[in-house]
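Each structure below is given as structure tokens.
Below, subunit A partners subunit B and then partners subunit C, in two separate complexes.
Showing the complex of A and B:
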């Protein structure tokens, strides 16, 4: 287990290093001088030279990457070109909004557990069929379209829920969270319910469940103690691995619902071509995803030692 | 990882058998019809759209659905139905080009990973995992920031986000085929590696990966819609589904039907491609069913 953990952490660090290098190489392919793009056409040569010097653009790529890593280790992701503030503090300022959304999506996604369990237990029944069709359909539809229809229905036609901003005070914040959460979360309810259904069906066939039933243990207890205990860890690890996807969808949904957060930060940076902010945010997102994936992978191995030999 | 038992995969006598199997379930049948319609509308878009999709007609702006304009007009008086029809062409173009490029890269890299030494294999796996850990939309926004918004940028984004999963799938499958008897027989007969890969491995690998790829078309459509909605995708006045959604969103309070009708083709095609892909997978290879 320890050697696997070390191996996994080593791979995670390698991925982060490689990701940074790839992003840097990509910048080299940008048509034209990045400094021109950053400062606009009216910048003086002195100003351009100063910026070039500050961003180490006169040095070879590998020296630039070295400086970037040196900063990264100290938690420094560069400086915002317009406000001159460190990118790290910009991200930390916006992160709580995005994290709130991501966490509430994860909580909503858990609704898929009872749906999937019920569908598996009553396999082939009406509920199973209907929930199956709805889940598969909703998994396919892009969250932005779900979000737009939710706004159309609940904010404009029924005027039940707000569609813009984050609100103030507990209840208002909660009300403002409903539609963005559903825009991302409906997909995940469908996904989790399919996943839980499949793993519950698998576990129901296992011998220990049959034995438990043969002993006359009540069906509810069998389900709770013998089936779900085995079926659920898989679901949690998949959800852990999927946090990255949820994060990246949150970005676009935040923009749709005019919420502050990482989404707005990167969107505005993209519009104004503020490279350091874009780079820093993407890198922070990548690190978040790599850490989440690694942790849930390790958790999976801890819960299910069998998977170790397949993984390695 | 998906591991396929080739000996047990259903033998198919032809396309007619697949189609008759598809038509036996209503969901698969209607998905197939919608997918075919998507292709048909995409190919014939320029001939069947009732109006010029970029012709501005200010006096008729934001008019309600009527016999002249079935889905109404947008803020510049352009016919929404015509824009949606021509938008299908853009969606189809993107889906075909980006998925094909990703398939080619994925198949080549997957085969290389499976057939070279351990070091190159590990390096490629690390590359696949790295690219996969880029946060989707954020990565897309970066590409747009770097290269500017265009159809090509969207293609780059999509190719990057989907090729690693094809490469991984191909790698696993090639590895399971590599030591099978018919490949060893070919080796014993002195066939070159290229010949084995081209004539014996590729035909066995391509089916499953194409099905997985067809199920990524909703993703392609979603990425395009998302980026164009943010004004970072297809450049105006070209009518993509995402940019029509964006136009409609500006006037969502007074003219909700633009968003409503622009969302429908997105919903229908994404659902159709997904459920068609699932049905095809079930028919062609029951072992892949999860």
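Showing the complex of A and C:
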């Protein structure tokens, strides 16, 4: 297990380095001069040239990558070209908003576990059929559409929940979190419930479950210890891998709900060709996704003895 | 349980002395010599004093602000005297003539290399007479000083001591401010909280103690936030105006104000396909501007008559010619052209794309096949560098302060390929541009701008579409402090009686 953990950490670092280098190369192909965008029409050519030098834009790509990694080692991701603030500070300021949203989406997505389990155990019943129709319908609707309808209903018509912002104080923060979380999370409840239902149904057919039932072990215990223990690791792995999707959806949702966060920061930085912020935020996003995937993988190994044996 | 429900789903807290307003983005630069965006400008105008400032309302007029008196004694000299008792935050004392001298002269400091140095292009120096009085000297007459410098953001006075202590410039954290408001806190992406400044002793105190600026970049989200009661004032997308006018949210007022911005289709006279003036003239005759206004801009703005917007010096009331398809066909035939392929570069906004499609259909009628090249903003504004004279047609919108010199400057020969994507080249136009800047007589100046617009029209390189309006929605419990172009004048907002 320890050697596997070390191996996963090593792979994670490699992925981060590779992704950063790729991003750097990709940025070179994005049309549009960041200097023109940043300084506007009234800047003199001398001023534009000075900024180009400051950003190392006149240097070859590999030199730019060298400077970026040199800064990265020193914990310096450069400065925001507009406000001159360190990118690291910006990320640290904005990350909690996005993390809160992602965590609350994951928590909401976990509601799919009891729904999927109940549907599988009562296969073919009314609940199974209704939850099946609702889940598939919700999965098919993009989060932005769900978000718009939630805003129309709960913010504009009923005026129960806020449409924008993040709020201050526990209750306000919670209130401001409800609609964005549901906008992303409803899809995931549907997805997780279908996944869990399929996994549970598969496990219910296995011999060890039949044997446990034959021994007269109570149904609840069978479900908890013999079914879910085998069926759930797959769900955690999928959720871990899906963090990336949740994060990318958060970009759109942060804009729709005018929430601060990494997503909104990336969007605005890309629009204004604010490359240090683009690099820094994407790097932060990559690290987050790689860490989440690695953790879910390790959790899967811990929970699933079969997998543990295989990996070792 | 009921209590928890009420606590959770209770209505939003609204304070009578607090104003919650939408801004399109966070500010990024609060140094007046470096400002870039409207969001920067809104905050700078609220936290720094100016000698004179624009009045709220529908006409561009200025009034005394930090100055007790100000007078143009001759074309090269302006004398001013400050009101006494205007205090800086942070214990920096009173606003003095020395601060004014420092604030204006730093624009022409080559070491500072301020991108907005053009605001004070003709400044020679500022002479400090005593603590409160000074004289502004110019190298040459500079008419825009009264319209796009002193009452505009370039006229903001910064604190000498704190700015020098910060190394001569600052970005988001000014060392001291002395405007009607000061910054209480800024949480990037979330809000900027401004509170009334106690040291603002030179004019009417702001009616609202707190103004909260909430960055909402998406226009639809801003509308939703307004309808949900989370903000009191918001800019509205032009595409939403008709719908909102038909179904106005309760207790709300919608205003549509003209701006000095201008939108046009530019034809590059240096491109081989468009070098023949008859081809350009045919295109200008074939484009149905009224259909574009109806289709792309929902029939809201009036058709533009030229470069300079209504309300500014030099605005021309003379209407542009009506569409003439037969005339366009005749011109193309005269030029010996049966069919022609041209490219139109435009941005990926919905209104520009609709306008592009209408232009495409219009020009197809005279045998010109238009390929629409859609770009995001960052890419679009680099096309001048990237494509050079290969640019053919472009659909563009430029912003302008309320002085025509800022509009005419982009079409000088020296701007060809930089911002003059029409490669419009007229020595006469250039001569008149500088003559207008130096002309301090209002009527004479207006006449020069009429001539300049005639020269532009004679080149057939410009199809003027609209001066994009700005629409603002606000609660009817508020008296809005709006400048003639719909920009916020924060200290002028007050509760409606």
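Everything that follows uses one rule, which is that the second predicted complex is superposed on the first by the 281 of 312 C-alpha atoms of A that agree within 3 Å, B and C clash if a C-alpha of one lies under 4 Å from a C-alpha of the other, contacts with A are read in each partner's own complex, and residues count from 1 in each chain.
In the analysis below, a contact is a pair of C-beta atoms (placed from the backbone, for glycine too) under 8 Å apart; a residue touches a chain by one contact, two chains touch by 3 or more.
Worth saying up front: this structure is predicted, and the values here are computed from it rather than measured.
Once both complexes are superposed on subunit A, the partners subunit B and subunit C clash. Once chain A of one complex is fitted onto chain A of the other, the partner contacts of A:295 are absent, as it touches neither subunit B nor subunit C. By the touch criterion defined above, A:303 reaches neither subunit B nor subunit C. In the superposed pair of complexes, A:156 makes contact with subunit B and with subunit C alike.
When the shared chain is aligned, no partner comes close enough to touch A:99: not subunit B, not subunit C. Of the two partner chains placed around the shared chain by superposition, subunit B and subunit C are both touched by A:255. Once the two complexes are laid over each other on the shared chain, residue contacts for A:61 go to neither subunit B nor subunit C. In the overlay built on the shared chain, the residue A:141 is in contact with subunit B alone; subunit C does not reach it. In the superposition on chain A, A:121 makes contact with neither subunit B nor subunit C. In the superposition on chain A, contact of A:36 is made with subunit C only, not with subunit B.
Shared contact residues of subunit A, touching subunit B in one structure and subunit C in the other: 30-31, 151-152, 156, 255-256, 270, 273. By the touch criterion stated above, subunit A contacts subunit B in their complex at residues 11, 14-15, 18-19, 22-23, 26-27, 29-31, 133, 136-137, 139-145, 148-149, 151-152, 156-157, 198, 244-245, 247-249, 251-252, 255-256, 262, 266-267, 269-270, 273, 275, 278-279, 281-282, 285-286, 288-290, 293.
On subunit A, the positions that touch subunit C within their shared complex are 30-34, 36-44, 46-47, 50, 80, 82-85, 90, 93-94, 97, 151-152, 155-156, 159-166, 171, 174-175, 255-261, 264-265, 268, 270-273.
Considering their complex, residues 7-9, 11-12, 25, 28-29, 36, 113, 115-118, 171-172, 187-191, 214-218, 221-222, 224-225, 227-231, 375-382, 385-386, 410, 418-419 of subunit C touch subunit A. Here subunit B touches subunit A in the complex through residues 27, 126-127, 129-131, 133-139, 141-147, 218, 221-222, 225-226, 229-230, 232, 245, 249, 252-253, 256, 259-260, 263, 266-267, 270-271, 273-275, 278, 290, going by the rule given at the top.
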